[in-house]
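Order of writing sets the labels: A, B, C and D. Residues in every chain begin at 1.
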Amino acid sequence: MNFEHTEERRMLADTLDRFVAQQYGFEVRNRIAASSRGFSPDMWGQFAELGVIGALFGEDDGGFGGAGFDIAVVFESLGRGLVLEPLLGSAVLAGSAIAHAGSNDQKAQLAGIIDGSVIATLAHDEPDTHYELARVQTTARRDGEGWVLDGAKAVVPHGEHANLFVISARTVGAVDDERGISLFLVPAGVAGLSVLGMPTMDGGRVAELRLDGVRLDAHALLGEEGGGYATLEHAVGRGVLALCAEAVGAMEAAKAATLDYLRTRKQFGVPIGSFQALQHRMADLLLEIEQARSAVINAAAALDAPRIARERALSAAKTSIGRIGTLVAEECIQLHGGIGMTWELPLAHYAKRLVMIDHQLGDEDHHLERYITLGRVAA
Amino acid sequence: MNFEHTEERRMLADTLDRFVAQQYGFEVRNRIAASSRGFSPDMWGQFAELGVIGALFGEDDGGFGGAGFDIAVVFESLGRGLVLEPLLGSAVLAGSAIAHAGSNDQKAQLAGIIDGSVIATLAHDEPDTHYELARVQTTARRDGEGWVLDGAKAVVPHGEHANLFVISARTVGAVDDERGISLFLVPAGVAGLSVLGMPTMDGGRVAELRLDGVRLDAHALLGEEGGGYATLEHAVGRGVLALCAEAVGAMEAAKAATLDYLRTRKQFGVPIGSFQALQHRMADLLLEIEQARSAVINAAAALDAPRIARERALSAAKTSIGRIGTLVAEECIQLHGGIGMTWELPLAHYAKRLVMIDHQLGDEDHHLERYITLGRVAA
Amino acid sequence: MRAFLENDVPARLKDKVANGKRLDKADTEQWHALLNGRGWLANHWPTEFGGPGWTAVEKFIFENECAVANTPRIVPFGVNMLGPVLIKYGSTAQQQYWLPRILDGSDWWCQGYSEPGAGSDLAAVRTTAVRGVDADGEHYIVNGQKTWTTLGQHANMIFCLVRTDREAKKQEGISFLLIDMTSPGIEIRPIITLEGEHEVNEVFFTDVRVPSANLVGEENRGWNCAKYLLTYERTNIAGVGLSVAALERLKRVAANTRRHGRPLADDPAFAARMARVEIDLENMKTTNLRMIAAVAGGGVPGAESSMLKIRGTEIRQEILSLTRRAMGVYARPFKQAALEADYDGPQVGPAFAHAASAQYFNNRKLSIFGGSNEIQKNIIAKMILGL
Amino acid sequence: MRAFLENDVPARLKDKVANGKRLDKADTEQWHALLNGRGWLANHWPTEFGGPGWTAVEKFIFENECAVANTPRIVPFGVNMLGPVLIKYGSTAQQQYWLPRILDGSDWWCQGYSEPGAGSDLAAVRTTAVRGVDADGEHYIVNGQKTWTTLGQHANMIFCLVRTDREAKKQEGISFLLIDMTSPGIEIRPIITLEGEHEVNEVFFTDVRVPSANLVGEENRGWNCAKYLLTYERTNIAGVGLSVAALERLKRVAANTRRHGRPLADDPAFAARMARVEIDLENMKTTNLRMIAAVAGGGVPGAESSMLKIRGTEIRQEILSLTRRAMGVYARPFKQAALEADYDGPQVGPAFAHAASAQYFNNRKLSIFGGSNEIQKNIIAKMILGL
């Protein structure tokens, strides 16, 4: 068993870490977070040039990576730097969906995603889904050769500035049926698609989408009609892994900042890190973070395993990260005391990101339940 | 709002505490625990004389108490002394059932229970119930004027040495139907009733009962045919309160022993109570125990409230005590270190009792679920 | 009292609180004036100074009823903190001048206790006050910095711990001074908290002249005032009423959010989380009343309030955490403008989604400010457990 | 290896372990002999002394496979504790005499480390050894007491930390002695643990004569041996295999116990508890392998093993706690006779009910013995966190 990454992955991680540390420092990051886009087109271009996007795709799709550990390495690095660029939405979620189910023509879009010129995103969650993957109320009905979509999509990553949407809609079946979900490739600006952007608690921007009679031609269908669930599961699974790895990166940064604070901050005349009660809590936190890291490794290793094993490992990771990420956030703020409550301290932003990751692609409770349900299927 | 007990209750508690401290010391208690009866007829008589049993019954039933706070005061004291006498089974469970549903003839038995000459018990749990109050597989069918009972009863308190059983049996309905449960008063030694006694992990003895065509006359029916559930809920509710109060008494004793140990035991040259990590854990434990005590007060105060409020307060108390009792047990052992693992230390026996209380009359999970379900009924 | 809360408190105020909207200075002034009109504002004060003469339990119930009714909170710095100190340690002149101004809202007080780097170690006072005399009389010249000054941006007065004897041991040599915030040499700077709000401040003092008449109690004995203030009748430190109100809101949210086609409130995992905290809160109500009763009967207010503070803040934080969880994906969008009462832009997500995460993050402060929960555990270990 | 575990390990042994029955001395001797026959008993030893030459990962996998197959455990005192010390610090004569006797079972070793009142402070050694010479040669006279001596009732030999210089500082002046348990002046007394079992002992030494040839390493340098022994290749300190076996059993119990008419395994609350610990265990497997890899690559064995020990014992304790919970009312009845393999009296409750509570209580020791989890956290804070 070898827990060392390959030479290529280590080089990529080093490059990325260096770039983020030098170019994407806390002040820059916060400026980008508060900007009208919520990310930086300039930075985005540089990430593309560094090969960060390409590392998330397999060779068949024009990339040079795409394995679980590629995702893990990249996103851990992004998490360490609190990077806001649209890697999750464009490269992982939308990109994976297109790579998984796209026709050759549709896959041609991947080149643009990989070189950064196309920003894609996945519009799947809806106002009432509460993380249920199969609950899709947005409808798509046939209209001659083409389709008409109606409905609403919730909290779409960088939805205002995406050129290309992967949108899920129900073509048949009950509202929570896994069968009957279809995916569509929708260009930005299509008639009937309205986009309401807004900032987020953890930086960057998201958007609400309304679809009022959005007309699409036949080629817009991504994959088989009614067979979109497997593609969603594939793309969201990779997104889950990405978020988990991002969380581990953020946890490491939060831990390092807190340890540094405990070593230097004095109270009652001694470093507060000399207080045994705090030492024991940090030791617990260290253990939890190591377990979170193992959860990510398990998920990354299982990404090509048969469905049940893969999805259980992913849900195990996300539920672990949901619990541990929130714990790390709360404990690190608490151990910092008042200063941990302030906007000016990077730690506070790591903490916010860690808590908010639990609100993306299914929270701790959702994935624990899913882990149990999948286990019952397996038994 | 007044949290002081009445003069009478305080006097009873003082008398009982003194008696237990002087007569029911750790060595005596452990001898009784290991005895063939699992309790002491001699001690039992003395408890009766002290009025401890009578305090658990209302004046109408020949006692001089019977309110929630009477039960709480008595059982907290019993818990502090790890008393093994059959107060729960005889006075609270069986006694409450008879007082609740008995005919005048049947209630005549209460005098014997109160003076200690009759030892009663409730045989309700069955091998497959896992705490569900309404799940009764034991059957009672009419046989002329009388009844015939068949089935099995599980872990009946001091079942070998009871003179009188209150036995639940189903006369009609599905196996988990609240309606259709009937209660019967069954004297020990009746034909077809076999009793298999055994020791327990926490001292004292219990018994498995088998009923093979146990014939009872018409007068054996306690309360209305098929209407036993309300009586069971009444009796078990009082039992829950008793167990919760017992647990608080045991927690206080465990806490005191642990604090004493922390103050006197030295390691690395200083009292281990000077280690901040242990101080903070003891502070947490103190908070939990105070919350447990409040839960008992809430339950005692609600004992005469309308059903939903009463049963929710009881389930809230039992789920609190289940969680906190186990926590106190585990933490107190841990804080004692190796010595906490030894039979010779009273603390170990308090810890065992605290954990085992969660296995009587519904555990933490059972009562949390019940609290939620009752809340839904209320809403 | 319930009639007052129902009828006499403007719906506008209650709606703001219920909906997690920002309260401005005028809102608080209105609320204080309303209470003062009834004689209920300074409910901790003795009757001779304008208090209503309530028992501890009555005060507890009053504050809880207010919280449950979603009234604004009393800003405590004048009424609940400075007032009792003046009543105990102030001169008659100070009492006669300042106390009525607290009641009628002439002064908005803020607190100058914490200093940068001192954290929960309040005795680590480095702000200095040097006594002098000039043409205008005896005075102190104050230099230094205070921090975490809540709502200091609204205040015209600040009470401060200052060091008047640098040679003395840590807790000696501290004095308690009342300082006009409009004095030359005072600068106030906002501290933005992690969710983006401006609630606390830093206050800088550069050669600020304070008349020596503004010294409360004896010079170098200010620590007595400080300690007294910290332990004074903290019957509501657990914030039970606020937790009850927050739990009611959580239940409404969970009843109106759906998961697997049924209310989130019926989801087994979420229902269990809600039930656990509800039970803990039910227990806490009784624990709180018991401790009030014990204090009335001669207990240990300092250490008892430590117990209430720890568990009370944990419960409130858990409720706010569950409220955030209930929002699902809508916990992330956050528009500060939507916190204004007159916001009329688009609303997304379940009711209260606009404020759930902000309140969750903002209230991480509960376990930090006012003596961190770790400090409270130290106090419990020493005062109650004897370790 | 799986074939060996499946075919060559007597079913009687595996059944005893699977069913929580008592193992006697002969059972362990049989298991050691079986392993020794394969050359797998001393799997931590270098090949020149009879080890199989496995990597750390191979050893880890072997021990886990054994645990999952419900084999008895290797009693570690000779093979895994004394053996490595002799190999590092022993004389050639000592190695040639004692090591083969460990392998072939001629000696059953026990450990004389802890002393009453010392707890996790192993350097607090008060048992003395005074050097002397008599007609029979150089020797030590040993006086004192050891405690928590696991399975000492079976042992004919004990290795001890003794104080040979009373003037020296705490961790100096300690020597490492091998003592024949049949020597005059040794008395062994059982300690009964809370669940009623006899597993640990006290050992009393009164003027016990020990030949000085039984000194391992240099006099007054025994602390080196002690430290080495404590950190030696603790690849399995997390007990992952034992937890996997215990979790399998828990799942069987939960599948066969019914609540609300369906398996307890499908009860939402119980299923969530099981899933949480299963996930924690899955993570732990990988954490364990990572730490082994890190150690092989030059990590910090002492502190890494502290991490594994804490979380590994917490996981095992949680699984055993859930097993107890699954028993419902049948957690209480407890008949010690039912722990014997040949017990043929009545069985009550679900399968394994006879042992569930006893194992739960007995294994509270996991977080206490071998350096309490609190001590492990101190080590982590110092060695890894740099606090």
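Simple rule for what comes next: a contact is a pair of C-beta atoms (placed from the backbone, for glycine too) under 8 Å apart; a residue touches a chain by one contact, two chains touch by 3 or more.
Computed from a predicted structure; not experimentally measured.
If you compare A-D with B-D, the chain pair joined by more contacting C-beta pairs is B-D.
Across the assembly, the mean Cα position most removed from that of chain A is the one of B. Centroids of chain C and chain D (each the mean of its C-alpha atoms) stand 53 Å apart. Mean C-alpha position of chain A lies 44 Å from that of chain D. Separating the CA-averaged centres of chain A and chain C is a span of 38 Å.
In chain C, the residues that reach two or more other chains under the touch definition are 269, 272, 374, 377. Contact with two or more other chains is made by residues 275-280, 368-369 of chain B. Viewed as a network of touching protein chains, the structure reduces to a complete graph with every chain in contact with every other.
Chain C meets chain D in the complex at residues 268-269, 272. Put simply, chain B touches chain D in their complex at residues 125, 127-132, 154-155, 175-176, 196, 198-202, 206, 208, 265-268, 275, 277-278, 326, 330, 333-334, 337-338, 340-345, 348-349, 351-352, 355-356, 358-360, 363, 365, 368-369. Of all the residues in chain C, the ones that touch chain A in their complex are 114, 117-121, 124, 147-148, 191-196, 257-261, 264, 267, 269-270, 273, 321, 324-325, 327-335, 346, 348-349, 357-358, 360-361, 364-365, 367-369, 372-374, 377. Of all the residues in chain A, the ones that touch chain D in their complex are 1-4, 259, 262-263, 271, 273-274, 276, 278-280, 282-284, 286-287, 290-295, 297-298, 313, 316, 319-320, 368-369, 371-372, 375-376.
Residues 57, 266, 271-272, 275-276, 279-280, 282-287, 289-290, 293-294, 307, 310-311, 374, 376-378, 380-381, 384-387 of chain C are the ones touching chain B in the complex.
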